[in-house]
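Once you scroll down, you'll see the structures, which are given as structure tokens.
The same chain A turns up in both complexes below, where it pairs with chain B and then with chain C.
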Partner chain A sequence: MRPGTLKLAGVLVAMLCAAALGGLPVFVDAYTTSLFTTALIFAILAISLDLVWGLTGVIDLGHAIWFGMGCLGVGILTTDIDPVTKLVSAIHSQLGNYVLGGLLGLALAAVVSGVIAAWVFSFRNGGSLYVVVVTLAASVVAGIVYLKTGSITGGDNGLFGFAYPALGQRGGYWLCLVAVVLILLTALVFVRSDYGIAMRAVRDNEERAGYLGVNAFAVKTLVFVIGAVVAALAGALYGTVTGVMSQPLVGFSFATEVLIWVAVGGRGTILGPALGAFGMSLLTSYLNRSFGAQWLLIQGVLFVLVVLFLPRGVLPALFEGARRILRIPASTSAVRSLQVAPASPAQLERAQRLVAVDVRDLAVSFGSLQILRGVDIALHHAELLAIIGPNGAGKSTLMAVLADGRSKVEGSVSLGFAGGLRHRGRAPFRLARAGLVRKFQIPELFESLTGGEAFVLATHRGRGLSPWRRTRTIAVPEEVLRVLDIAGVSEHLNRTVADLPHGLKQGLEIALAIAEKPTVLLMDEPTAGLTSHERTAIGGVLRELAQAGVAVVLIEHDLDFVDAIADRVAVLHGGEVVHVGEPQTVRQSETVRTAYVGVAE
Partner chain B sequence: MTLVLDSLTASATLLIVVIGLTMVLGVLEVINLAHAGFMAVGVYTTFALLDHGVEFFLACIIAGAVTGLVGFVVELLVVRRLYQRPIDTILATWGIALVITQVITLVASAQNKSITVPFHTTATVFGTKYAGYQLVLIAIALVFVIGLGLLVRLTEIGRTIRLVMSNEPMARGIGINTTRVRQMTFVLGTALAGLGGGLLGPIEAVSPQYATTLLIPAFLAVLVAGASVSGLVIGCVLLATVQTVFGTYADATYSTVVFVLCAVVILRFAPRGLGLQR
Partner chain C sequence: MKLDISELRSGYGAGAVVDGVDLSIADDEVVAVVGRNGMGKSSLVKTVLGYLPEVQGSIALDGEELVGQRTWSIVRREIAYAPQEAAIFADLTVRDNLYGGLRRKPARHVEARLFDAFPVLAGRLAQKAGTLSGGEQKLLLLTRCLLLDPKLLVLDEISAGLQPKMVTAVADVLAATRAERSLSVLMVEQNVDLCLFLAQRVEVMKSGHLVAEVAADAEDARPLLLQHLAP
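== the complex of A and B ==
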């Protein structure tokens, strides 16, 4: 089957489903309609959690809180509570109360989730575990606070009977159906946008994303708040349509149920969680009537089986199976058509021979272990500086410290570009955005991204990514194309990076670093794992970059290669710079020989 | 004095819940959300044995063994396949918890049950009258902690476990069957859950949702404790005391809030827990 036919078939199926769902309440009884309504609302809730957990990798064990807030907002503004019995005594069913209540719930969810996100994610290395702790704690607190504020929440009894009467059973159903379709489409566009790439990059490898200029804190906080607001919207709909609010709706059990829908449906696919929530909540409410306990038991077993054998969820597994049966070539689903077109290297024009990075008296130590001491070195624009030295000399540490201003160091690092941006305390993404780019020693790319998607991040330096548009043609400097050709990655840009062999990953890493249009390019052993032919060719590209004004720094072991391309060589030994000079001076230097061989002859 | 004893009882309860959980988390790096479920297995087994006239403490010990057996099966079928996928273990053990709760509901009905307190007598400690069984629990918690400490520090098993914790590939390299060590740890952890479940039966409401209210505080306490015996004691005593004191002098329902907020703040500043070593 051709991809075009497939797409058409997909659209047709979707339209048929929508039509069938739209006509449903005309043919079934009121009870069935209400079950389907709830299932639709839960689909929205699952989508909201998938944005946070599936796409961005943040586990939210308190996701039900946001849903509850939306529902509670509507409930509070439409009900009066008898101060004595704590029961609902009057209903205000004007449309304005519902709208205002919904907005109140959304605003509350946005503010509280924003505060939690800022608290959790500002924590450096604020691991994935801490967010689990905080959201878990939040759901405990929410449950208790709900019970203690009975005068507005109804406490143990909850709030009830506040459904919007003018809607009616069918009206409520259609309202929810329209909401599901709109939110589903919006979410699909959002996750397929350039911003969606940044979300997945953060999920796969947060630290590495930072070196491409992605502000992981901002991405995670924003998505967390969006997820909370969408969940609150689902809650507000639930309140408006069903007119019921109770304490379990903010609790941990409900939150884990949503988690299960998302996991079973297929996290990170948006459609999977929506279908999972829809299908499982329908099944639950049908089967609960006749086989309550048995059904919950089967649900638990099914869930364990899915986690064990379909770790990516049911929907991705179904797609995979369909692909095999229909003999669709694997690439069709993965293809994100991408053409790399040369851009003018205008940004690369720099003043010649100016100091780009000035390192003064730099010292780094871990405990009693002194890695670097008294390092003085200046990196010039338009110069290729090679750093050599035996293993353990501190070369990679020097690179790491230069690319991350938050490292604990003594001495100073000052930047001669980007308006003299202060280096100290700056996170890697800020330095990368300013033009200080690092290529890691060992390729560390993103598991689920294609090479092309990584280029979208690199060329934007992680900034100004569109939340709805998807870049199909990426403009990169001509040198990037050359590196891609040399390493032979050009035809593999639409493959998932995890599937590429080491040599191609290495080429991709170098190309990515250059695509960031660096002012200072730090390369840790860029040519390790490449053939000598590829190495010479890449050396040529690096020389050209230097001639175009970039301050190129590379760690290298091969002295012949260094001789051929470097303007200057710095020799690092035991954490100290023992020699700096032109390449030919290195071999003659007594100190260098001592460093490498041990004794001077 | 009552306050001190109340705090100690709360600490002891928490310790009894948490000790198996810590073991599993520390050695296997598995966050076992089915822990409460295993405690429920323990308490229902105890309940059934008491019905047949078995003496209370013997019943608890048998319950521990039975629960360990359940743990053995669960490890073999589920947990073993997930060692490299920490997030999935959270999900899978949550699923197991659902299964256990439902099996208990089907077998023993959802009705609340109660276990009579074995020591109805009160004892006098430093001039304060206090419930006897609570004092027994404090003693048992002490025995657990000292036993665990000795096990980890002094025995061959402890040394093997510590090696597996600190460097798993190395342990495998020198011929330790790490799969077996993990299996034994999980079984021991669940057996302790079952034993603890039985022991706490007299002071908790026994239902299929047994101990689920304790699970979240226990989970937070484990993280606060970190993977060490000293952290375990410090963490549990600290959190339980804060909760008890707050509950006595201020508002009892909000004391859980204070408890979880404490855990959140501590973990923000000591993400690896309060343990003295490591």
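== the complex of A and C ==
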């Protein structure tokens, strides 16, 4: 079956489903309609959590809070509470109250989630643990606060009876159906956009994303707030349509239920969590009647089974099964096709900014271990500086410190002429955006991204990442194409990076670093694992980059190779620069002969 | 220890990466596999170690079939493996990395030889292995393998990232070990000189199978190999 036919079939199925759902309330009773309405709203809630957890990798155990805020906003503005009985005593059912209440809930969710996200994600090296702990605590606190503020929230009794009367059962259902379709489509466009690549990159390897110029803090905070606002929207719909708000809706156990829907449906797929929430909440409603007490247990067992046997969720497993039956090759299923093309001279010029690096009296230590001491070195534009030195001399540490202004060091690192750009305190993504690019010693790219998608990130400097557009062709400097050809990666750009052999990953990393249009290029052993032919060819490309004005720094062990391409060589030994000079002078150095090569020549 | 690979095909679920390999390593023989990137070299050694999900054909170790066995059971047959990625336990000390998996105490002179060759390891036994540099981690891997006193050693690009002096040290240690007792070696390597120094035979791998065999003592071995590796 051809991909085009397949796409058409998919659209047809989706339209049939929408039509069937649209006609449903005409044929079923009011009770069934209300169950389906709730299921639709929960689908929106699951989509919002999938953005945060599935796509960006942030576990939000307090996701129900945002839902509750939306619902509560509507509830508060449409009800009066008797101060004595704490029961709802009057309903104000004008449309304005619903709209205003909904907006109030959305705004509250945006502000609170923004504050929590900005605080939690500002911890360095915190990993995802902080978010889990803080959101867990937040959902417990939210439950308590709800009960203690009975004069506006209704406390134990909650708020009730405030459904918007003009909508009616069917009207409410259709409103929710339209909302689900709109949010589903918007979310799908969003996650397939260039910004979506940044989200997945942050989920896979946050640190590495920083070195491609992605501000992981901003991505996580923004997506967390978007997730909260969409959840609040679902809550506002819930309030408007059902007219019920109670304490469990903000609580921890409801939040975990949403997590289960997302996990069972297939996290990271948007559609999976939506179907998971829709299906499982309907099942819950029906089976609750027949099984009652056992249903929770059944749900738990189901969850365990899915985690054990379908770790990626039900929907991806279904797609995989269908793919096998219809014999569709794996590559055409989900991976977008991306091409790289040479950039115009104007595109090249735009990124040219003058940054050279001046290192003065640099010292680095890890605990009692002194890695670098008294390092003085200047990196010039249009020069290829090779750094050689024994294993453990501190070469990679020097690279790491140069590429991350937040490292704890003594001494100074200044960028640009006369230190025009600040280095200290600047995170790798800021330095990368300023043109200082690092290629890591060990290739370690993003598990779920294709090589092509990584290029979208590497080249986004200066044009940003669009939240709706999908880049199909990426303009890269001509050198990038040559590196891709030399290393043989060109034909593998649409494969997931995790599936590539080590040498191809290495080639891809080199090409990515060059694609960032660096003014300072830090290359940590780029040619390890490449054949001598590939090594020579890549050396030629680096040589040309230097001639074009880039300050290239190269860690390398092959002295013949260094002789052939470097302008200057610095020898690092025991954390100190023991020799700097032209390549010919290096072999005469006593230190190099004894400590590095190990043979007298 | 004798390794016989015949009609081997293996992959990760989407077509064969190793596509019809026949390779025998005699007792006490060193065979190097070279080739361009993405040709299946690492996958070949990973198949021997039982890491690949889809395997057809036969891998016999002293006549015993390895295909179908799990990795943990394969490595109990006195095989030591140094993977390409520095697979160390970063939060354990260097000492625990070296001695943690040993089932019997290594001979005193083997330890001495390794620590003489790689003094950085001897000096940092109590530190976390994660603090070692990339090249030092490769030395840690090799030392761990040799402390196991294996009969078959599988090395995947052990020289990548090593300074010239350490490449020489690695070559010397392996030569000294082999001078003392029988040790078969299967090595994937980009450093042609190291291949020719250690191996008796060099196999060239291309698109999943072996396309040429070069005897290391042949006069034109070096130019011949470089020619095979040229694009």
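Here is the rule we go by: the second predicted complex is superposed on the first by the 573 of 601 C-alpha atoms of A that agree within 3 Å, B and C clash if a C-alpha of one lies under 4 Å from a C-alpha of the other, contacts with A are read in each partner's own complex, and residues count from 1 in each chain.
We take it that a contact is a pair of C-beta atoms (placed from the backbone, for glycine too) under 8 Å apart; a residue touches a chain by one contact, two chains touch by 3 or more.
These numbers come from a predicted model, not from an experiment.
Visitor: Taking the superposition on A as described, I'd like to know which of chain B and chain C A:L147 touches: first, second, both or neither.
Guide: first
Visitor: Which partner does A:Y31 reach: the first (chain B), the second (chain C), both, or neither?
Guide: Touch status of A:Y31: no partner.
Visitor: Looking at A:G529 after the superposition, I want to know if it touches chain B, chain C, both of them or none. Which is it: first, second, both, neither?
Guide: So A:G529 only meets chain C here.
Visitor: Is A:W468 touching anything from chain B or chain C once the two structures are fitted on A? First, second, both or neither.
Guide: A:W468 sits against neither chain B nor chain C.
Visitor: Tell me the contact category for A:A137 with respect to chain B and chain C: first, second, both or neither.
Guide: first
Visitor: Mind working out whether A:T256 is in touch with chain B, chain C, both or neither, as first, second, both or neither?
Guide: A:T256 sits against chain B, while chain C stays out of touch.
Visitor: Please indicate which partner A:F291 is in contact with in the superposed arrangement: first for chain B, second for chain C, both, or neither.
Guide: neither
Visitor: With both complexes superposed on chain A, which partner does A:V301 reach: first (chain B), second (chain C), both or neither?
Guide: First partner only, chain B.
Visitor: Can you list the residues of chain A that touch chain B in one structure and chain C in the other?
Guide: Of chain A, no residue contacts chain B in one complex and chain C in the other.
Visitor: Quick one: which bits of chain B touch chain A in the complex? Just the residue numbers, please.
Guide: Where chain B meets chain A, its residues are 78, 81-82, 85, 87-88, 90-92, 94-99, 101-103, 105-106, 110, 216, 219-220, 223, 253-254, 256-257, 260-261, 263-264, 267-268, 271.
Visitor: Give every residue of chain A touching chain B within the complex, in rising order.
Guide: Those in contact with chain B are residues 59, 119, 123, 125, 127-130, 132-134, 136-137, 140-141, 144-145, 147-148, 252, 256, 259-260, 263, 293-294, 296-297, 299-301, 303-304, 307-308, 311.
Visitor: Show which residues of chain C lie in contact with chain A when the two form their complex.
Guide: 12, 14, 34, 36-38, 40, 42-43, 84-86, 120, 127, 131-136, 138-139, 157, 160-166, 168-169, 190, 192, 226, 229-231
Visitor: Which residues of chain A touch chain C in their complex?
Guide: Residues of chain A touching chain C: 330, 366, 369, 388-397, 441-442, 486-488, 492, 499-504, 506-507, 525, 528-534, 557-559, 595-599.
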